[in-house]
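In the two complexes below, subunit A is the common chain; its partner is subunit B in one and subunit C in the other.
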Partner chain A sequence: MTAVSGTQRLPQSVAVDAGFTAWAALIVLTLVCIVLQDSLPWVVTFPTAWQVPIAAAINVMSDGVVPVIQPLFRSISALLDVPMRGMQACLSWLPWPATMAIVVVLSLKSGGYRLALFSVIALGYMIIAGYWPQSMNTLGLVLLAVPIAVGLGFALGLLGYRFPRFRPGLLAFLDLMQTVPAFAYLIPLLLLFGFGPVVGLIASAIYATPPMVRNTMLGLDRVPSDITEAGLMSGCTRRQQFWHVEVPTALPQILVGFNQSTMAALSMVIVAAIIGGFEDIGWEVLSSMRKAEFGQSILSGLVIALLAILIDRLTLGFAKERPNGPTPIMAWMSWRRLAAIVVIALVAAAAQRFFLPDAWALPSTTLREQIGIVNVALTSVVRDYAGFFNGARNVVLYSLLLPLRLGIVGAATPALWGFAVTPPMIAVYVALWLAIAGLAMKAYGWQLAVATCMAGLLLFQGFAGFPWPALVLGIGLLAFRLAGIGLACFAMLGFGFILVSGLSAPLSQSMYLTLLAVILCLILGGSLGVWAAHSERVSKILRPICDGLQTVPQFVFLIPALMFFKVGEFTALIAIMLYAIVPPIRYVEHGLRNVRADVVEAVRQMGATPSQVLMHAKFPLALPVIMLGINQTIMAALSMLAIAALVGTRDLGQQVYIALGKADAGLGIVAGLSIAFLAILADRLTQAGARQAGSIESHWKS
Partner chain B sequence: MLKRPVWNVAGIALALVLAANAPAGSAGLGAKDEPIKLPMLEWTGQHVSTHIAGQLLQKLGYKVEYVTAGIFPQFSGLADGTISASVEVWLNNTGDIYPKALAAKQIEDIGSLDLATREGWIYPKFMEQVCPGLPDWTALNKPECVQALSTPETAPNGRFLDYPSEWGSRSATILADNNMPYTAVPSGSEGALVAELEAAEAAKTPLLMMFWGPHYALAENDVGWVRMPPCKEQTSEHCITPPDVNKVVWSGFGAKWPAAYILLKEFKVNAQEQQKMMLAIDKKGQDLDAVVKEWVDGHESIWQPWIDAAKK
Partner chain C sequence: MARPLGNFIVAHGPNVMTQERPIKIACRNVWKAYGRRPAFYFDSRGYKIDPDALADRLRAEGHLPAVVDASFEVATGEIFVIMGLSGSGKSTLVRCLSRLVEPSAGEILLDGRNLLKASPKELIELRRHDMGMVFQNFGLLPHLTVLENVAFPLKIQRKGQKEREERAREMIALVGLDGREKSFPNQLSGGQQQRVGIARSLAVGPALWFLDEPFSALDPLIRRQMQDEFLRLQKLLKKTIIFITHDIAEAFRLADRLAIMRAGKIVQIGRPVDIVLSPADDYVGQFTEDMPLLRVIKAGDLATAINGTTVDHDIEAGASIEELIPRIAGGAKAFGVVQADAPRRMIAAADVLEVLERDSRRQRS
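This part shows the complex of A and B:
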């Protein structure tokens, strides 16, 4: 993403003073707001008189524009409908042994025996579970979305590479494509393209394009200048230069983009199913979620996970060279042999369909009914451990969720905590936080003291009751200090947009849920990551769990979470955390495992205890990687907001969902853009933070 | 864009050819070689109704195609004829697309399905011990009942599990109208409502929620319906009345498939029969098409008059 140069640092003493004054002023402002909130209620609740009906305006505009441009989009839709139906007809016509044979030879070529075995197991599972036709429909969608995304992505990447002028705009557009929840643009797509599977195809293609663009640009940017020059010296034309020198050199990176595009397209399958139009595996997952059938949802969710892993390994195998060369079977499976086998399989398939139309019918299985046992088991767990689950939920609700949302003032009521706040208690609270801030200042400097003070104010007032001017200015100031005036303006404009759209309550709800989920994920996931970095066994156990959490559709986990913990914030928190906990585990483990061994050894030689080695050597060295992990955690948590809406939240994700339900294109776009804004802002802030951490680290090293 | 007139001409030509060749008796069938597309929405009851309609249309001599569709997206398909007819449309939950398409005459409401429906507040049966006096609504106001239904998020009020936000919330208004100490919590999805009902039944935890029938979850869980407080006003915001379930077709349906249009106008579904079939499909794991075929074969007296009306 965009690089703001953070290498130049202001003279230390001046910067500290200016920053400190600004932060101190902000704390004073917040305090004033809190004290005056009774006489000036608008500092807490954004006044309705200042709201602008942006969503309604968008709807009026789209009502005018859509009929005009609709024919163009409808003809695109009709154009795409033909290959879509063709692909699906073809895949459902192909007898399953032929499909399997083709996938197996591709696996042999891409990854050898092990991958071939995996593909047999994966496809065999789809048959046994009784989801073969649905799986083929899904595969058809992916096989069609990927070429569109790859073609479009390559062209856009080329554009960004050739004309650097376009690049900032292009990057901003890519950010939007990746961060606006797809739920938000389903309705506009539906209005433009009409009902049908094509809408799902287009949504998939939109989401799958950005990774290809980014990797194409990265690959072309990284072509070494000596290779380019060698091409020029040998007298290439511009076109030869590009196609025969630059593209082949950049190919490995471009193929990585291809792999990521494929995965992105597959991850949109469920969202595409919300529209409907054809019976695919995403529809099965959604249907079982609607009936709260956990067993069936695992069964169908697993199909998506297996497809994802299979496609990932297949495309990665083609994208990356193996370090010790191809295995004998991969070498034997030349492209010619592969093509021959595919042709044989197709001829055999045609012959079978013609002469023995009833052979190779899909075996009928009852696994889907038998899996009902899982539902019974789940119900019995709910019955036997209801007290435990209730207790766990209530502890977290009383001690964490409610105070954070309502603040100490809101939670300390006779109904919740059993007592009311009195002035002496407030005095004690203030004194306590001031003491902590003082300690923080002494140990780590004024930055941490300021952060402590702000945290104390936030906890006192709660997210729902925090004065919005202080919030907007605070984040603006943070953006200014970390990344400069550009990001500060972006942050304040973005918040201004959300506030005047009348979404301030869902905004604070989203920020509070996301922040809490991210903090808990970092603590829990970070600890697991540390453990995994020091134990092979833990690492081995965690890896498939992480793979599962990332590839099995999130909808599947919502059912048990709902049954255990009921509709509410706690369940939403669990749902978000189940997805967002993977990046901290992975990045912390990766970061700690890859710190320079000689530095760690030197610290150990100096007599440091294992915990000292961890805290003072490994962590600081792994900080850039860990910062990237934090970034990814926030992105994952925000991307879950729209899905967590299914368990009854009140955040921006719910607004997106309401818009989808009411087919309100304007509200969907506004709420979707709000989530995208939060994601982009968080991304830029953590990247800027990582750069500052990096520069501190290099400072420390020298 | 350019293609459209060509297609239209081709279509008219085809229709003329078909009309010329059609035997005299089935002149009313219309474009019988073009499949009638029926949406399969998200609940089993609708699948049953749709398949009954589909099998009857096939008996008339039509081709039928079933397409999966979201409950709101289907109206977008109905509006432009991508979907031909939807036979079970709950008018209490149609979103904003439906009235717009109806006003623009892109879709046509062809009358009631006659499905006896129910909507209101339900509770698992064991709640009658917790809140003595149920099913009368006044029992809910007793302190021990409020206390039992109270959760940290709603305290000191009791918790009322409401429909998902996008379905609209009349219950919150009705709770306020009657000064009932309950907070309505939106549930997010149908799956969440069902999951809560099943969990409450399993763990015997108190629950009060908004629900509707016929629904397969009611067939397997023993629930009671609250006798509702009197409505403050007789409007849909302040009052829960059994929702109407109608049949809706694409506006060009009648002209394209005249006999099918008459059949669907006559078409009715009985709620008890539907619920029986739902249970056979969802819980006994029987095949939808087979279950419906069995019913159709056994109830000729019900549907034969519709077919006869359509053939006239």
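This part shows the complex of A and C:
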């Protein structure tokens, strides 16, 4: 064993040197750029003369194409308008007791008594709060978007499964669809389909398709070979093999896809309210937020949250495999009984509408109208504690946000911090970071030292003032080291595209906001995850909170952030963090809990203290899982970035939002693609990192 | 290896079991290679393939020869065991026989007809009526009950519900699972799940029965029970069986004849006794050196004509001679050997003791 590892270390140390040289060269290049920034400003700010009007070109093109193809899309839109209005009319015609009865029997079938009770409470709240018609309109859109997405997703998933040749293209397409922010493709949809609720429907159907595709492929891929072979040996024809063997075996996974699809559709239906209100719940939240009616926005936000949790549990209940079989009530509620109850409810509803049209009316006075006092109270609370909230905001703003954005030099002006940076201060700063880098080198090797140096430079210059050649080359180098030349080319081309489009300022805003949110989430969420991994009670408390945070549509996170901190970058940061904090908690806990017990026992037996066990055994072994958690955190932060544009940021998401307001397809597409590029790059980088961590672990295992 | 006893057994016990029966399935020079373009290597018109050289060349050129030039014949009603370590190609070989895996070259003759020429339609018909297969991880459909799983091959053939359930109940009773018809696979133990797998594979009444490591996923004690169960079923049903295993004790216990595979190649084919007594090479020798002869050698292998000798106890030809030791210790001198469709023969206590003697010599060395 020792001989083997001895021989393997030799080529590794040679590789280390090559990597080190490249990184050292990069640091030197950055330094040179920083020193030269006064005489050669173009090394810091990408010159305007080099920009290419890509957005304008797209606009010219779309101006030419759209009028030609528009009639086709308008007719699709008109076609979809009919079932949509029908569905909404139907749901609003249905008296609420009938709707509730149908949802309750479905809950009994899917999850038993507890879910049924929850559905009564959730629907009851919607009535009492006075948002029943709006909720039903939203539900109607979801009920139409989901079948479209599920059918399309199943077909595409089948295509990817049957014809592996199509799969790389399909996967790339799915990546793009899932990472381009929703706002960005609302713009072309608006141009093609025209203004109106149908656009929201189409957008959510498109947005909800990818999870179904992925889960269909995953489920079919994972059918065990023993089962497919057993089917073949039973003499199945191709069609029998598919419908009798493969689909039923993959069904649990496909139902997970159905669940995710439904949640995506709901989330998008709510976001789509941004392009125009038509009496749905997303519009209620948005308009009350715009009017600063915090009471109403909390009431309606709660409706969204309850609706999301209800739909999630309901659909997940059908997907879940129960080792102990269904509970008695779930078994009793057979499909036949369920159908009978639904029919009875519908007949009773029709009878009631016909004979007693005034019975079962919705309550006329609801919480919504009584909320004025609450609004006043909330406003006064916010005003009374303004000192606290502003203080918290200012601390973070001045100590974290500004330095990271403007750099130490830019932020430390007399106006902000009360002093100016002098050369001796810079010398002290440099000495400090060099010392940290030296310590890092001694403790963990040159990689961390390089990272420290880069962090020091970044903090000094700030994202806005960081030399772009160093940034592009640095990320290219990182991609090359982690994943090879392909990803490096992708990274550099992508950054080139963004710079040439003239979006370098919003890009650096996006990167700094994401980076900050991710780091804070990792620190906070990671600590919570460690705590939860070591305490059953903490784990039990955190689990439903995480479930809730993950189920609720992103839009809702804006409400509390906006209420306490008003419009601004800090509010966006809080909203992003609320959404992105779940993955680090989950993955760190999961990773630490599932570390191989024998290794932990061995280390403990050697006399390691609990913190030594954590640092030297559990963390290194859990690293691949934690890397996946980091991946999920970054993806969550990037997807929230676009939504956070609503509360005031200056990043790429804001560009998309501006484009939406001006119906500027070119800018929307370019900025949307830029965000998608950032997300895909971050995804590939962290996955490559996770793979490397994983290969180290498997190296240890062997 | 010493020869005398080997000669002795060959002289006394010609293979009564397999010689007269018709060949059910035969495998001639079957190859399966995985890689970029395996077909390229098997265009051998006018050449004679040197298997070892070709296998080496395939490996050198980035291909994986999973099955190398396999040839054997299995007689009707025979239990033919293919044994080898994991990665030796045994599972690929059995899948070539049912064309779950398409062989790269060679011929497979089922009742004298080349299976590789069968059209997809014919193949489906063959699988529906003539072949049954049992899988290592059972391959049960998780969404169907035991009854529906066993009836599944009949459902695929569009048999009526009543007919297929009747047949399925029969099969479930045969494997001793009565009363569990309504259970789902995940509610059963491993042994019970495999009983379902066996019942399903027998539901269409196939003449040819493939078992791919059927008992490898089970605990040792259950495995032993299932082997007994398997032998009981075979006595009843008399299928032609191809049984894959990596467990040498299982192989020797169940096999009428067995083939040992190594790196895709069949290194030896023979009755268990032939293989223990005259291993083809050191690999087989090392493999089999811990197998006790007393257990491997069957009464039928040592039996001679009865010639008027008085015998005081009868034993079945398929039983191992180990079972005779207690009676020999009790003073018995000769035993009768009975076998279906053959005259009664005898076995002398001295012959058994000679095997015992040789066994202990083997253990010492």
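To be clear about the criterion, the second predicted complex is superposed on the first by the 645 of 702 C-alpha atoms of A that agree within 3 Å, B and C clash if a C-alpha of one lies under 4 Å from a C-alpha of the other, contacts with A are read in each partner's own complex, and residues count from 1 in each chain.
Here is the rule we use: a residue touches a chain if its C-beta (ideal position, glycine included) is under 8 Å from a C-beta of that chain, and two chains touch if they have at least 3 such contacts.
Not measured: the values here are computed from a predicted model.
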Does the subunit A-based superposition show subunit B and subunit C clashing or fitting?
fit
In the overlaid three-chain picture, which partner chain does A:E589 touch, first (subunit B) or second (subunit C), both, or neither?
neither
Touch check for A:S234: first (subunit B), second (subunit C), both, or neither?
second
Scan A:M289 for contacts with subunit B and subunit C and give back first, second, both or neither.
first
Using the superposed model, determine the angle subunit B, subunit A, subunit C defined by their C-alpha centres, to the nearest 10 degrees.
150
Kindly classify A:D175 by the partners it touches after superposition: subunit B alone (first), subunit C alone (second), both, or neither?
neither
More residues of subunit A are touched by which chain, subunit B or subunit C?
B
Considering only touches as defined above, state whether A:D683 meets subunit B (first), subunit C (second), both or neither.
neither
Counting only touches as set out at the top, which of subunit B and subunit C does A:V647 meet: first, second, both, neither?
first
Contacts of A:M563 with subunit B and subunit C, given as first, second, both or neither
first
Just to confirm the geometry: in the superposition, how small does the C-alpha gap between subunit B and subunit C get, in angstrom?
45
Footprint overlap on subunit A, comparing subunit B with subunit C:
none
Taking the complex as given, what residues does subunit A use to touch subunit B?
71-72, 75, 78, 186, 190-191, 194-196, 199, 273-279, 283, 286-287, 289-292, 366, 368-369, 372, 379-380, 382-383, 386, 390, 394, 397-398, 402, 415-416, 558-559, 562-564, 566-569, 645-650, 654, 657-658, 660-664
Where on subunit A is subunit C touching in the complex?
224, 226-227, 229-237, 240, 244-245, 248-249, 251, 323, 325
Of all residues in subunit C, those that touch subunit A in their complex
95, 98, 100, 124-129, 131-133, 135-144, 152-153, 155-157, 184, 186-187, 197, 200-201, 204, 210
Residue numbers of subunit B touching subunit A in their complex, please.
1, 3, 39-40, 42-44, 67-70, 72-77, 80, 82-83, 95-97, 151-153, 155-156, 161, 164-167, 185-192, 194-196, 198-199, 202-205, 216, 282, 285
